[in-house]
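Take a look at the structures listed below.
Below are two complexes that have chain A in common, paired first with chain B and then with chain C.
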Partner chain A sequence: MEAMIGLIAQADAAADAKAANAAIGAGFAYGLAAIGPGIGIGYVAGKAIEAMARQPEAAGMVRTTMFLGIAFTEALALIGFVVFILLGL
Partner chain B sequence: MLGLEFPEINEVIRWVDLFPTFNKIALIACAAAIIGTVVFLLAGNADSTVAPKGVRNLAEITVEFIEGMVMETIGKAGLKWTPYMLSFFVFIYLCNLPGIIPIVYMPATARMALPLFLALVVWVIYNAVGLKHQGAGYITHMLWPPGVPIFLKPLVGLIEFVSNIFVRPFALAIRLFANMLAGHMLLVTFAILTEELIIGDSLILKPLAVLPFFMLVFVTAFEVLVGFLQAYIFTILACVFIGSSMENHDEHAEVH
Partner chain C sequence: MTNTSASAWNTKPTGDAPEVSISLDMVRRGVVVVPVLVIICGVIWGADGAWSAAYATALVLGNFLLSAGIIAAGSRISYAALLSGVLFGYIFRLALIFFAVYIVRDAGWISLPAVGVCIIVTHLGLLIWELKYVALSLAYPGLKPTQP
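Up next is the complex of A and B:
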């Protein structure tokens, strides 16, 4: 009987450890996935502002292209977010 | 200490089924479709000889906005896609909007099913358009952009195939879904923080509830922007994909 309780406690501990690792992994997944896109979006937006300031008449075109660039860059961060949700469940 | 307990994600995004196989997400989606249709029907039936007002004004602005978008990305040959893109935009926007409407508070696009289906529709359309406009050449153009050295062809072909066939629709769906879900989770987080700080036992912490409440207001305002922006980005990407499969790939624009 005591051996059984010990086994169950062990299994519980293992499950807890697994959940804890998943939570840590989830945090890291999102944090790391946000670094690259953060730099990238900053770069895209900064360059777009530069272009708009130089040539205000092209602002509409630049803005459209900027949103496209941001959308593609952002997708990586969002995949990190999805991994975060999946691991955090 | 505070008894802060974040609800399970299933609790946050899952609502009670109204009756089997029809939950409130489906209700929001149906409402979005009906509202969009009714608004544009009303606008269409308005007298076109007098100056537009009310609902017709709104409809005209939206149509012009989409038309400009299509002109910019596909060009004049793509103008026949305007109604299609318009319905995309209006539907997605009206599905995003309930995320910030009190009582409802759930964007229908924060569940994977709706964005995935929309992305699959776009996938089918841009492939069909490519096959129709370029014939079998579409496949070879898709796999090997002009100017690829012969010894790189297997590698480039594989990468382009995966990126065009799998990554494009997947990224399109994930972009919409994850943005709306992230916004929804932010709202939930700050709402729970505010509530727990106000309900909590400690008197000292009660005034602190102002901080998450301000964040809640700010995030709500931000969600107004995000809901519009995501509808815009989904539509413009659909335009770009269709445009890129219509043109001959002499000047190949790299799009993932």
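Up next is the complex of A and C:
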């Protein structure tokens, strides 16, 4: 009987460890996936502001391009998020 | 004595906010796309997939609107506020999407694969669709299509 309880406890511990590892991996995946787009969005916005300051008459065109660039860059973070929800949420 | 020199804190972009009209345009197209996605996900994942597709699409469209709103609000203040809005808005919106999915993760009607697929497909699909029209309107005048 005691051996049986021990086996069940071991199986539970293994399942917990597996779930914990999956959650840690998913968290790292999301965190790392958000860093790149963060840098990219900062670069896009910074350059767009530089362009608007240099050429105010082109601000509308620059802001249009900036908005789309930000949204495309953000797609990378969303892909990381999807990996996160499929792995560990 | 006041400081009258121009800086990123006291100058702001001129003109209208194109990002708001772009995001409204994408939402208009998104509303057309939602039934198609809901049907496709319903066929693949059942009723859960259909509900999840609708939820994910609403998340993406809300994300676009919020992003445009934050940028437009920042640009009415100054260049510095615009940049701050873009960067903090990115973190804020990612957190918002995370919590929006987190609170429904155990709901009976949710299908996480359907949510994930719909988030990526809707986001990229609407952007590429919009890019087609924006690219046409931003083209050098000599390249603009003319009426036949």
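In this section, the second predicted complex is superposed on the first by the 89 of 89 C-alpha atoms of A that agree within 3 Å, B and C clash if a C-alpha of one lies under 4 Å from a C-alpha of the other, contacts with A are read in each partner's own complex, and residues count from 1 in each chain.
Here, a residue touches a chain if its C-beta (ideal position, glycine included) is under 8 Å from a C-beta of that chain, and two chains touch if they have at least 3 such contacts.
This is a predicted model, so every value here is computed, not measured.
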Looking at the combined model built on chain A, do chain B and chain C fit side by side or clash? clash
For A:A34, select first, second, both or neither according to whether it touches chain B, chain C, the two together, or no partner. second
Based on the superposed arrangement, let me know which partner A:E74 touches: chain B (first), chain C (second), both, or neither? both
Look at the residues of chain A and decide whether chain B or chain C touches more of them. C
Quick check for you: in the superposed arrangement, does A:I85 touch first (chain B), second (chain C), both or neither? both
Contacts of A:T64 with chain B and chain C, given as first, second, both or neither: both
Just to be sure I read the superposition right, which of the two partners does A:I49 touch: chain B = first, chain C = second, or both, or neither? second
What is the shared patch of chain A, the residues that chain B and chain C both contact? 61, 64, 67-68, 71-72, 74-75, 78-79, 81-82, 85, 89
If we count contacts the way the header does, which residues on chain C are in touch with chain A in the complex? 8, 11, 13-19, 22-23, 64, 67-68, 71, 75, 79, 82-83, 86-87, 90-91, 93-94, 97-98, 101-102, 105, 112-113, 115-117, 119-120, 123-124, 127, 130-131, 134, 138
Contact footprint of chain B on chain A as seen in their complex: 61, 64, 67-68, 71-72, 74-75, 78-79, 81-82, 85, 88-89
Residue ranges of chain A touching chain C (in the complex, touch as defined): 34, 37-38, 41-42, 45-46, 49, 52-53, 56, 59-61, 63-68, 70-72, 74-75, 77-79, 81-82, 85-86, 89
Touching chain A in the complex, chain B uses residues 9, 69, 72-73, 171, 174-175, 177-179, 181-182, 229, 232-233, 236-237, 240, 255-256
